[in-house]
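Across the two complexes that follow, subunit A remains constant while its partner is subunit B and subsequently subunit C.
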Partner chain A sequence: MTMERSIFVDPSRCIGCGACMAACRECDGHRGKSLMNLDFLDRSTSTAALPTVCMHCVDPVAPCAQVCPVDAILVSEDGVVHSPDASRCIGCQNCVHGCPWGVPKFDVEEQLVHKCDLCYDRTSVGLGPMCATVCPSDALYYGSEDEVRASRPRRAAVDVFSFGRQELQTGNWMVVPEEFSVLTFPLVGP
Partner chain B sequence: MTDTGRRRPFRHLTPPGVDDLHSAGGDAAGRWETDKPDERWVATHCAFCGVQCGMHLRVVGDEVIGVEPRMDTHNRGKLCPKGVAAYQQISHADRLTYPLVRDADGLRRATWDEALDRVVDGIRRVQTAGGPDAMATYGGASMVNEKTYMLGKFARVGLGTRFTDYNGRMCMVSAGAANYRSFGIDRTANPITDVAMADVLLVLGANVPETFPIYIRWFWEAMDRGATMICVDPRETTLARVAQLHLPIRPGTDGALLNAMLHVVVHEGMLDEEFIAAHTSGFEEAKAAVEPWTPARAADTCGVPAADIVRAAELFGSADKAMLSHARGLEHQVMGSRNAMAAINLCLATGNIGRPGAGYGTITGQGNGQGGREHGQKCDQLPGMRHFTDPGAIEHVAGVWGIDPSEMPEPGEPIFRQLERMEAGEIRGLLNICSNPMVSWPDQGRTQRILEGLDLYVVIDIFLSESALLADVVLPGSAWAETEGVVANSDALVCKINKAVDPPGEAKPDIWILTEIARRLGREEQFPHMSAREVYDELRRASTGGRADYTGITYERLEAEGPIAWPCPTDDHPGTPRMFEDLRFYTDDGKAHFNAVEVDPPAEEPDDDYPIRLTTGRNVAQYLSGNQTRRLGYLSDQTPAPWVEIHPNTAAAHGISDGSPVRVTSRWGTTVLPALVVRTIRQDTVFIPYHWGHPVAANQLTKASFDPISWIPAFKTAAVRIEASDEAAWAVTPPPVHQGGAR
Partner chain C sequence: MPPERTSLSHTHPRFREYVVGGVAALGLMVLIWAGSNQLANFDSALIGYAVGIVALTFAIVSRYARWLRMPSTGRYWRRGWQLVSSWESFRALPGLLPRAVLGQMVGQGFIRRRGLVRWFGHQCLFWGVIGATLITFPLVFGWLAFKLEPGSTETYRMFAFGFGTLTFDATSFFGWSMFHALNYTAVLVIAGCVVFLWRRFRDRAVIAGQSFGYDMMPLLMLVVISVTGILLTVSATLFEGSYYDFLVIIHMAAVVLTLVFIPYGKFFHVVQRPASVGIQMYNEINLRGGRQPCALCGEPLAPEQFVVDLKSTFDELGQDYTIDDESAPARHLSELCPRCKRVSRAGGYFALNGSSFAK
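Then we have the complex of A and B:
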């Protein structure tokens, strides 16, 4: 249930160019639609930007799949959380609301949800996913933890995220300053 | 790295083809089974920018349907958004597919014969009335070298005119002039990969992440190694954001800054005296010129603290290996060439040249920005980067071209001097290929008056640009994936562009068009119809013995070995990625030359009427005048229209809020744009990206003022006033976009 290579998201390297989204649109499974996001965090004060890809949650496994009432989201043995099967998806958007990262996208015209499947047509045969393959700055990097550890001094890679009382371990990683081992997101609201 | 207790075993998978780092040529279709059995992959390089990323074009039948990353040496599969979308222009619905001629009702469809007759008759009329020099050509550095070479030959031999120039006049000419005066040769000294090996990086006027995204990895690699980054830019770019030292100087004051840095280097004993004595000349004059430029004086001029200038100089001067890189920010000024000379002075004074990780680089913008200035479309140049001042060069090239040396026209003039001759009625005709002056030239109103006033104005392009709309005849040419050819990238690496499909409809290869016009003008002997390969072989012969010597760079070698850096004089020469490693220079005395730099103020200084500095520049999703990228769905979605970047304090003082319309007015024009209110720009400066045409063209606001050495326009230093506007920001009507992915 683990991925030998995964995506490492390093916001400190992101130049906000949008090559990742441009490349995501080129995936043969969903041409013309980007299934990832890129945000300028606060453009009024900074040029800092952050790409968001599906993190392919491991433990608890794939909240999006767990809340799907029709089992449309397959989690394959290699840990990849697939896009909802169009023949099953009923467009209820449970997965859209269940995802902690805001990744699944609801297509109003199709009444279907699409999400990143880690470019399964590519990664299942050893190629990198489109977004990380093209990323000019290695803000999205597809490889192993050892490679990242060796090449990025003073940085740590974390795959554990804390949302209030809920801890989540993911298949993809975030690269952060070295003092972090878990990224904690403060609870918003009551 | 914190031990999470969940570390996974790692097994390296080698994707098919990934180790094949030199697959410049050939068809990689065999390596990947697709569900489209007739899909073939054409290995090539990107259409946009001087990085020249390797890519595969995915072709089905006669249509390019997509892009597949390619593990080429310098981009290793990486692409910026322009690179990903580049293929979408090839089969774009807006492509020009038949010739157009102007009659009383405007442009209408014509046959090739009718259109070419119109061109040839027009040229004859213009040249009969005003002599051969009454006709001019204007080319572009996005064309492959086969086309730029052919244009230079077409002008000198086909038309017999001395007036040819190209749009690198707005790109590389300041750096080129400085390179010539300092090193005797015009190309980047160190490859960009040297950045990764440097201890200190000084980046001036180069928004690397936005304009050369692929190059940013070398900067990140340097910083991972512990290198110190100094970034000089009036805006906080994503590079400046992570730099140890950011100097947000006033636009147009780079020369003062660099002179002050050399002043500090001199006074703090950080000179490489041994290097200066053995390998340079002119140091005493350069030293005398920087003497008045104390850090305090420069701080006043540049608008940054003196202590930061001193710190930058100390970091650069004390480094074992320092790399200085600059781009158009420093060059688009009346001081452009002198700024670049001041940058080179600093490198020479500290012995930073000719070593791995220590040196100097001008980052070239256009796809063939380096090659476009080597083989004859530039006004003062003959193929192989030869000069008219060398009688041997004229004889050699005349021999290759099959003309008598006495027939060779005199050297020409920069396009912006030619414009004065157009205004005076001396030049009456212009053939413009691959350029869009109505967006890219300063003072758009003047540009339009000049183009409309010509007796004959011919455009060869792939789309109906703002400038083509004014033409008497528009000839549909070929896009980059429709002919074979080579380009020289920012590092002077010659890269092979491969043909994927034929031009659409009745569109023709540009070489065919130029050849056909020349033949119809009676130059059949010098202009047989040639394939791209035949043109290239002629170009190589013409370049033999010149500074940009391509003799040893054959199509076969490029296909087998991948990109090769010139000079490469023989078949077994490995190419020259890094210049001056032997510390011998291409100058008359073999030494690198210091040039004393006197600092002049910018062309326009802000005053009471126009109190704000306007600087123009680029956006990552657009390329040059936007004639291609504004039509490509994803890119157009990212930045459908320009904006004006304003500091919050300045915005508040004018009652402007984020997103609200702002009227920006200069002495030369006015426009209304939405505000982007950000802290990432100086308070006294606003920024507008320039890729769009009227009515939102940044170049409505810029003054037609030029560097007296290089004749580059001073795009970076206009003076404007800003006002909150109650008009809706003029919406650009984007051309119909072709959503390439959703087919």
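Then we have the complex of A and C:
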């Protein structure tokens, strides 16, 4: 299960404009809901912002789907981890709290979880996901690893991350300084 | 058309699960024998349906047993039954179980909040299918039977499990309705299918992720069953039984095929969905003790029991999000709220990127 093209997330390029949030709402499959997350470290002292999309975990495959008790989150052959099936999701929120990336969002009224699905209606027919299509600074870039390596010297793309003792390989990538091959996230307070 | 989806619960079945399914199917056959007055009330013309339902029982119970093997499902299953059978839970929230059943299973307000038309369509389908099942299954099993009263040509008596119950005039409206109740449920089912087929052809959000086998086929099968069912009545009452035998075969084939595929497709949500009753009880009972705060921001996170159970589920799955750093505020990633997971990751990322973004 591999994705031929992926999203490359480079938070160092993010200018916090929120275009990705707005574009995400416009995706046909998202019903006016933005499934993007855009977080700021501390707006009074830093311009730093972090856009978060689903990383479509490959190994172990989709922890969110594995903790789902009703098999509502399905993984297609191309590695895309889909939003929970509305007929199955029972609103337990296991995926919301189980996702290491903090991606799924719970709608209390609808008792339904929504998550980034890589704009499957678009990417399954060769188009780019909405967030990466509109990002003005290429903080979210949709393409291949070779394209990113060629266009961003002294940067590396990593798809292996360490959360505590758990190592995760993902379908989407993060762009980091070139000395890193595995990204270990130290726990830093907000 | 999107590629076929793979499901994580499609693990290899175990022999024990087939045994459980076989025992359930055998149990149903015994109940059919006993409930039909040792097959005296069993209508042999309905044997195809009976075989289909026995096969369905085997498949659903086997599939259910395999489903419960998933770590989180098994844990919720055990917790759910602990809560349902707990006197303390009942005393704390005596109305919880009926409220959860009414809200989740009957009223389905959560679907109404997703869209009024969607809710209307689902209610039509839900009550149509429930009604048809409650009528068809007892008839097929021979648990319900209708017999002419001795000496009468129009008065029938209904027998339930071999015991005589009410009598009615077959030529009255009530009598007609008793013998043609499935037409009423078929109208409900068709109305529901029209709503959902309309969505599947017109709603771009739905079209984006649907597949023919998983999403369209079940609706089309329900339409075939309902339309052929109504045509049987039309044939018998208006056209002196023209094409009746042909319609019977088409109708029976559609029903049996739909029954057999229930455990493997969209309709399995009918079996899974009642779990939401257990989830509501689990949440409400555990929330009485409040929410555990997020280890970083201190905002309410989730009930303590929920966090403990989630960690246990990850343990069973062989995933370890334990944080060994003694100076870190959390011992496990599940102790952070989603936002703190993202923001702490941002902090970590920018720290790795150098000082330009740091506070």
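One rule holds in what follows: the second predicted complex is superposed on the first by the 186 of 190 C-alpha atoms of A that agree within 3 Å, B and C clash if a C-alpha of one lies under 4 Å from a C-alpha of the other, contacts with A are read in each partner's own complex, and residues count from 1 in each chain.
Just so we're on the same page, contacts are C-beta pairs under 8 Å (C-beta built on N, C-alpha and C of every residue); 3 or more make two chains touch, one makes a residue touch a chain.
Nothing here was measured: the structure is a model prediction, and the numbers come from that model.
**Q** Could you check whether subunit B and subunit C clash or fit when both are placed on subunit A?
**A** Verdict on subunit A: subunit B and subunit C fit.
**Q** Quick check for you: in the superposed arrangement, does A:Phe180 touch first (subunit B), second (subunit C), both or neither?
**A** In the superposed model, A:Phe180 contacts both subunit B and subunit C.
**Q** Once the shared chain is lined up, is A:Gln66 touching subunit B (first), subunit C (second), both, or neither of them?
**A** After superposing on A, A:Gln66 lies in contact with subunit C but is clear of subunit B.
**Q** With the two complexes superposed on chain A, say which partner A:Asp78 touches: subunit B (first), subunit C (second), both, or neither.
**A** The second partner, subunit C, only.
**Q** Which partner does A:Ser12 contact after superposing on A: first (subunit B), second (subunit C), both, neither?
**A** Touch partners of A:Ser12: subunit B and subunit C.
**Q** Check whether A:Arg31 is in contact with subunit B, with subunit C, with both or with neither, and answer first, second, both or neither.
**A** Both partners, subunit B and subunit C.
**Q** Who does A:His97 touch here: subunit B (first), subunit C (second), both, or neither?
**A** A:His97 sits against subunit C, while subunit B stays out of touch.
**Q** To the nearest 10 degrees, give me the subunit B-subunit A-subunit C angle using C-alpha centres.
**A** In the superposed model, the angle at subunit A is 120 degrees.
**Q** Just to be sure I read the superposition right, which of the two partners does A:Ser46 touch: subunit B = first, subunit C = second, or both, or neither?
**A** both
**Q** So in the superposed three-chain picture, is A:Ala156 touching just subunit B, just subunit C, both, or none of them (first/second/both/neither)?
**A** Touch partner of A:Ala156: subunit B, not subunit C.
**Q** Quick one: subunit B or subunit C, who's touching more of subunit A?
**A** Touching more residues of subunit A than the other partner does is C.
**Q** Taking the superposed arrangement, what is the smallest distance in Å from a C-alpha atom of subunit B to one of subunit C?
**A** Superposed on chain A, the two chains' closest C-alpha atoms are separated by 5 Å.
**Q** Do any residues of subunit A touch both subunit B and subunit C, and if so, which are they?
**A** Residues common to the subunit A contacts of subunit C and of subunit B are 12, 28, 31, 45-49, 180, listed in rising order.
**Q** Where on subunit B does subunit A make contact in their complex?
**A** So the residues of subunit B in touch with subunit A come to 1-2, 4, 6-16, 32, 35, 66-67, 69, 77-81, 83-85, 209-210, 213-214, 216-217, 220, 224, 226, 236-239, 241-242, 620-621, 633-635, 638, 648, 658, 676-680, 739-743.
**Q** Give every residue of subunit A touching subunit B within the complex, in rising order.
**A** Touching subunit B from subunit A are residues 2-5, 12-19, 21-23, 25-26, 28, 31-33, 43-49, 125-128, 130, 133-138, 144-147, 149, 151-153, 156-160, 169, 178, 180-181.
**Q** Which subunit A residues qualify as touching subunit C in the complex?
**A** Those in contact with subunit C are residues 11-12, 28-31, 37, 39, 41-42, 45-50, 52, 60-63, 65-71, 74-78, 82-83, 85-88, 90-94, 96-105, 109-112, 117, 120-121, 124, 163-166, 174, 176-177, 180, 183-190.
**Q** Which subunit C residues qualify as touching subunit A in the complex?
**A** Per the touch definition, subunit C meets subunit A at residues 2-9, 67, 70-73, 75-76, 110, 113-114, 204-205, 207-209, 266, 269, 272-273, 275-276, 279, 282-283, 296-297, 301-302, 306-307, 310, 313-314, 317-325, 328-330, 332-334, 336-354, 357-359.
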